[in-house]
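Shared between the two complexes below is subunit A, which has subunit B as its partner in the first and subunit C in the second.
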Partner chain A sequence: MKTPELYFINEAVPDTALPQVKPEPWAATRVVGTAQPRVDGYERMSGTAVYPSDLVLPDMLHAAVLRCPHAHARVRRVDASAAAGMPGVRSVITGDAAAADLRWNYGRNVFTKLFDPHCRFEGEAVAAVAAETPQQAWDALRAISVDYEVLPFVVDERRALDVGAPALHEGGNRVGDVERYERGDVTKGFAAADKVVELEFRTAAEIHTPMELHGCVARWDGPRLTIWESTQGVYPVQQRVAGVLEMPLANVRVIGSYMGGGFGSKLQADKYNIVAAVLARLTARPVKLFLTREETFLCVGNRPPANMRLKAGARKDGTLTALEMTCTGTGGAYPAGGTSLVDWLVRDLYACPNVHTELTDVYINGGPSRPFRAPGHPQGAWALEQTIDALADAIGMDAIELRLKNVPTVSQTREGRPPYTTTGLTRCLTEGAKAFGWRDAKRHPKGDGPVKRGVGAAACLWVAGSGGPPSTVIVKLFADGSANLNMGASDIGTGTKTVMAMVVAEELGVALDKIQIENADTATTEYATASGGSKTVPTESPAVRDAALAVKRQLFDLAADELKVPASELAIDGEDVVSKKDQKVRKKIAELAGFRRRGVLVGVGTRGPNPENKVVNPFAAQFCEVEVDTRTGEVRVLRFLSAHDSGRVMNPLTFESQVIGGVTMGIGLALTEQRVFDRQTGKVVNRNWHDYKIPTAMDVPADITSLPVAPPDDEANTTGTKGLGEPVTIPTAAAVANAVHDAIGIRVTESPISPMRLVALLTEKRAGR
Partner chain B sequence: MGHDHDDGKGGCPHGVSRRGFFTAVGAGAIGAATLGRAQAPAAAPAASAGEPTKVTLHVNGRAHTILAEPRWTLLFVLREQLGLTGTKVGCERGECGACTVLLDGVPRYACMTLAFEAVGREITTLEGLMVGEQLGPVQQAFLAEDAYQCGYCTPGQIMAAEGLLRTNAEPSLAQIRTGMSGNLCRCGAYAHIFKAVKRGSELKKAGR
Partner chain C sequence: MLPNFNYVRPSSLADAVRQLSTPNARVHAGGTDLLGCLRDGVFAADTLVSLSAIEELRGIRPSLDGGLAIGAMTTLSEVAADPRVADRYPVLSRAVAAAASPQLRNQGTIGGNICQRPRCWYYRADFHCARKGGEKCYAAEGENQFHCIFGGEVCFYVHPSDVAPALVALEALVRISGPAGARSVSAETFFVPPSKDYTRETVLGPGEIVTEVVLPAQPRGTRGSYRKVRARGAWDFALAGAAVVATLTDGRVTRARIVLSGVAPIPWRVPAAERVLVGQRLSAKSAARAAATAVEGAQPLAQNAYKVEMLRGAVEEALAALL
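After this line comes the complex of A and B, so read on.
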């Protein structure tokens, strides 16, 4: 089967020119691997960083979008005449406007109009306004009168295939065929098991809600359009906008040098980009269009809910004999991978000869989902890692021991069962358990009072995280020894710019504060795919290294003449070029006469291919301790430890930030986050941060330990790196659930483990039901 | 850092906390509105919500006189009229704290404060914590501890921390949690934010 390539368009894996040389892995490093504060920290701390939402252009208008208030409706008529004449209003566009007669692709081959009369989810765009101030734009929206034919809806994916359920699309509510995977024979596998457990699980839908709202500023200069966009990838936005507006790529410039979080919801262009461009065209003014917080809960993505049944069998010695999973999920009202990768961990995390999975993706009248930090994986981990714990209980084995019994060395799902470059799972589990004090913690009394303590663990791999082509990067070395780094990649908060500057510093001896970085601008920076899939560091850092080495070769050629030493015998030592054979033969880079005449050395680097017939995946194991108040149903997470095989640690400081961020987000999935639809109306009832609860400073432990366990993965790429940003959050919720079970003996199979749910389960338990 | 326990005292007695926000804004809004009326020129008729009206705001030690609509929030005026975009917009409904500024030294959500309510108050934004071109102590602390990821909530976090440290120079972990609980961070940098507030306290004491 084909490896899922989530973040590429048209399912094509892009290519890139091959690097000129394949360097040896770093034996020792000087900068890489040290804890460095971010190179753009000053800009972010001082407020001088201009995020797209900060942009104020001369003569700029403000736009707002009118959205369908119904879960399912057909627009009969839009009357915008009153709005058009209101103070400050410069343009109103509806579905009838010629300028809005554009096609929008919702995935696969499903096309709609920009303002489509058939609104299949609450929050679908119906009309838009540009005005002198945002307040005037909102006033005008309220003055637009829309005649809706309200249609029957279905918002519960468990009911979407019921007889009589309203169909969203011609042909019903199934998104394609049921996706089936099979290896071995599960019937035989379960027959060979000493114990079999079977459980049903559900994870609620989550909303990304990055801090910076989704939106952009659009400005035309004649035939050329510039969009300042809060995005994880400027190139995908450029491609989409140019496609919809039928413009040359070169005439669509997308800039996103800073952005305030995305988590997968900003990997792609949105309708609002087109709306802003059209309004800017019609008014001949720059237009700023940022969504409201409420809108971001409706129409810019979500993590799909997953309804999973999992059956697992093992022998008494802990050998897994069979795994069987069925899942029903939904990507909302359009094809959006509602069950994408939910079964991947069941298929590939543990060695198991007999596996069967079935995924059913259905339509509901909800906002389309988008990739959300490790698509499918936290949901799958919630089911698999709780089931493994239940299985360990059933055969009377320690849960870590059971996992260690079944560590795979090959990717069992991929064709030809290719080996992993490294399988750090064993080290994550053993070293993590040791550092956490697992054995002692398991023996720790649960407590005699109403507050019980428990510990739990869970493990994962991440299907991607290898990175790969394409990527092109340019490094320029100026004659004074300072450098410029030019790359297309966005820094979505992971520290990409810092890590890449460290690679330049490593190879060229330039101090970090003498490296200027340009990034995420389709007009002036090199091609990069969107920052997602935990692939930015393993994709971009080898390309940066290649570019820096290209500069270094030119530098050594120049220095060879002046130092009378062959280029192959030269090295960089601080600010000097030095002979490897005689340390006294050296010259300051800035004093090389040939270099001063040249002015600047330019190196172009590309990302080479990944190793053939091998799989590069990161692995992780997490451990946590919780307190459960059996009177109130409240769960407090006391501490977390996260052990990772993500290859080389480029910057321990930003590495640790990823870990605490992922754990924090996973605690949200475990304890508080859920999108709730109103049964009567199909509307989302918790479309704000008061009602949709993400973790706050009160809800997370201060004690979160980052434990990298693996050495550099030198087979993977030339910097030995693997992805990190997603494995950090995959097993978190499952680990919390396992700890809750350890504390009170109740397995909470449905997320979130809210006080209300837990109190109900505790009451049932007390009643002996 | 070991397990932390709530000492029950809480932090930031005068600032906003997410959980205590409604009581705080209730009293604060009424107080500020009363103050605003008291200070408005006696001859000025009640302006309609959308009518541009002259207003003077004291921001980071400077007076700015502008024409503002009475319905404009302090957040909107700071960002879109004065160009002080260090103050961020996250929700415009008092949930996230990205827009936190200091009003007379106390953390307030600029999205829940009308510009007119801030008349006569000393408004301090992120830009006001700078010492010339240099980062102030709390900003330095956030940078050093990597207490941010995307950086978008960070100005608000820094202002909340600054406000906390002005009323409580050496907060305990539990007090830091409470003091920072009015500021959401979706990247989940809280564990580093706790460290940064502590380091900020030390840097302030050392006079940096």
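After this line comes the complex of A and C, so read on.
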């Protein structure tokens, strides 16, 4: 296996030119690495930023989608005649409409119609309405009568392969062949072990539920279509929409400059984009189509549930001898990577000669999954990092020490076992443990009363996070010294715009408030892949640096003439160009006559290739302390520390924000979140923010420490950066589970560790069961 | 999407009662529950009668017998912040503070809080359940981890209010106005169990409005506390909880009220557990005995057996807080 299948980068991407020069790594920096507030912080907080969901266009109609209320059904007949005549209704489309005769590709050669009569999950689109007001659209939806043949369903992936389980697809409920990985010989490995532990785990399905709902505004201008979309990547949306509608790419413009969160669920186009475009076409009016919160729980992705069995063996000295994992998961009703990357940590996080994994992906009558912050990894970490703890207990070794015994220097799974540019795992574990006070905390008494304290740790790497080509960026420096940064990448709330502006400021001395950023618009900004996979900073920042350097070279050529100093001896100091040899020889950039005549300097930058035969992965280790009320099963997380090897810290503020956000999300997996299907009907019963419990501020400790431990990874790319957004949430839930175990001696193998589950386990334990 | 409705905002109680007699009219107090029900299609309304302009329904004032009278339109935040409530009725002040989230407490009213509709996820979604005129209670055989272990019988929801158990524990009175005039009922009899009528949650008749909650003066030596266990730290209803009030004379309990939340379709008083305490000293031991008695007779469903032990813990901790 050369590179793991990253199904969130599944579209063909064009090559970009190589950078013109390979600059030296930054030695000292003036702007990069300093704490800078968001360049668009005011706009976001004050509400003046126009998100796609805020957009109002003249003559705009509002659309809504009628969705199948059954887990599995066949549409026999749709009668929309009453709806079509209702006040304000401008268009109703159903599966019979010629305009809706389009194919939707669910991947792996599974195609359906836009409104397919075979509805394989609750929430599949059945019809749509465009009307003058949202209320009229929803009233019209209620007036559409659909005759469904309700079919038997299966929503529990553990039952999907049972004899007699209803088949979702002609070939049955297996998505493909069982995915197997093997190295060495696990039988021999377990035989060589002094201790072997084997545990079964389950993580529940989670819903992304970002603050901004999924949706778009679509408008036609002759043959050209513009879509304002809440998205992590405008180019993948353009590609998909143009493909389905059989339009030239150039005629589909997608704009997504602001967006309110996605966590992986907005890396792709959705059927609603096509529905909005078709309705806008039919009505010759702009159409706004945003889903309701409830709809987003059904049909725009989830983190797949994972059922994992893990067996691990080690010698007394802590050397791992064998790891074996089997996993059954589901991406829902269509192929969606239901088990994708669940075994990656088992394969690659620790040095181990004998590894065997088997992944079985099945169909159920549930909404299709989408990548969710570190696909597969938090699930795998939940199993692996709890098993490693159990193994440490079994051989009587400290859990951190056991991990340190098995730190790999190469990627064992990838062909040729290439080395990592940096393996920060050792530093994350040792420096993290020290800063957390691990050894003292482990000795801390658990408490005499009913409330017990415990500490836990877990580690991770992230399979991607190197970033890489393609990316093209344009930087324009105006003659007054202000600049314009043009890039295709979305800022998904992580601070991308801020960090990229800081790179421009670093190279060109432009103050951050004099940099205008244009981004995420397929018509006016340069090609970028979607912001996901923790790759935006390591992908885009070298391209931005390359573009800024291209401007700088031109600037120095101009200044060389005027200052009578060779260009190679010039530097930028504040707003001046200055001779490196004689600081008195200087001139304000804005006062360079040649520059004023030119008006603007344009630099085009691209992202160069990653180092050959090396792997660039971020690493992390997290530590936490919890309190468990053994009478009620309540768990309180008291503090968290997150140690990271993610290369250079571009901006400590955005870095820390990622850590806090990732830990918060991981606490959700650990303690509160799970999708619940009704066993009687297959419908999702928790589809709002009350019944589906994302953590509140009261569930997250105020004490979260961000601890970057590694220096810039200068081998990785020209900014020394690696991804961060996913490692921050991978080990979190496992660390909490390990802390709970430390507190009360109960290993909770199924997520979430809700008071419901924990009090039941405590009761069992007390009863000696 | 909210459906269409007429909205009226009378400035007198009499006018409000009159407006409520129009077909399919509903009371709008804070709206935190009502608007959700309308949006989710739990029920429809042709007219919403807002009580927000009726001054006499607001505020907290001393009652004639030395207690406090709380206007139905007083917000939960106002109740929580009131020093008289905190001082004399700590069980209520804690229960109010445990409800929902700060934003919801700023908007939600005490009258509305005790008139909440069930939070059952079947009732709130597109399931045609018994309470909505359908054939069955989906929770009986379905996803019932959040449902009741006492008093279900035909409908297994749990009463969502934290405030209501505190009011029952305090032996509060609920004042009601309606087409036939004013009346008062005890908080304990205000709530209707499914065994009596599974289509309603309170004794309110057509056109009737809760106008005031009256807290009687508490005997000297009375203490109170509320313990709530929930699945997350805020903005969540009780999985199990207990409002406890005890009067101590010379170190011994002379009167005790233990009322459970999150485990029954009404605030669930457990007189047997109260009797365990009376005549005893309040101690960890007597608290544990009372807690064990409180969970006797629980009838868990397939997925909520955990509530029995959790409830025992909550009662124990609530009583321990009185020590």
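As a convention for this text, the second predicted complex is superposed on the first by the 759 of 769 C-alpha atoms of A that agree within 3 Å, B and C clash if a C-alpha of one lies under 4 Å from a C-alpha of the other, contacts with A are read in each partner's own complex, and residues count from 1 in each chain.
Criterion: a residue touches a chain if its C-beta (ideal position, glycine included) is under 8 Å from a C-beta of that chain, and two chains touch if they have at least 3 such contacts.
These figures come from a predicted structure and were not determined experimentally.
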Touching partner for A:Thr672 - first (subunit B), second (subunit C), both, neither: second
Partner chain in contact with A:Met259 - subunit B first, subunit C second, else both or neither: first
First, second, both or neither for A:Met211, with subunit B first and subunit C second: first
Partner chain(s) touched by A:Pro134 [first = subunit B, second = subunit C, both, neither]: both
Which of subunit B and subunit C A:Asp361 touches, first, second, both or neither: neither
Broader residue contact with subunit A after superposition on the shared chain, subunit B or subunit C: B
Touched partner set for A:Gly41, first subunit B, second subunit C, both or neither: first
Touched partner set for A:Ala697, first subunit B, second subunit C, both or neither: both
Subunit A positions touched by subunit B in one structure and by subunit C in the second: 134-135, 139, 292, 689-690, 695-698
Subunit B residues touching subunit A - in the complex, by the definition given at the top: 1-4, 18-19, 50, 69, 71-72, 76, 79-80, 83-93, 95-96, 98, 125-127, 130, 135, 139-140, 142-144, 146, 148-155, 158, 173, 176-178, 180-181, 183-194
For the subunit C and subunit A complex, residues of the former touching the latter: 1-4, 101, 119, 121-122, 125-127, 138, 141-143, 145, 229-236, 239-240, 304-306, 309-310, 312-314, 316-317
Interface residues, subunit A side, partner subunit B - complex: 37-38, 41-42, 44-47, 49-51, 53-54, 56, 87, 133-136, 139, 208-213, 258-261, 263, 290, 292-293, 492-495, 638-639, 653-654, 656-658, 660-665, 688-690, 694-698, 700-704
Touch list for subunit A against partner subunit C, complex: 64, 69, 134-135, 138-139, 292, 450, 629, 631-634, 671-672, 676-681, 683, 685-687, 689-691, 693, 695-699, 754-757, 759-760, 762-763
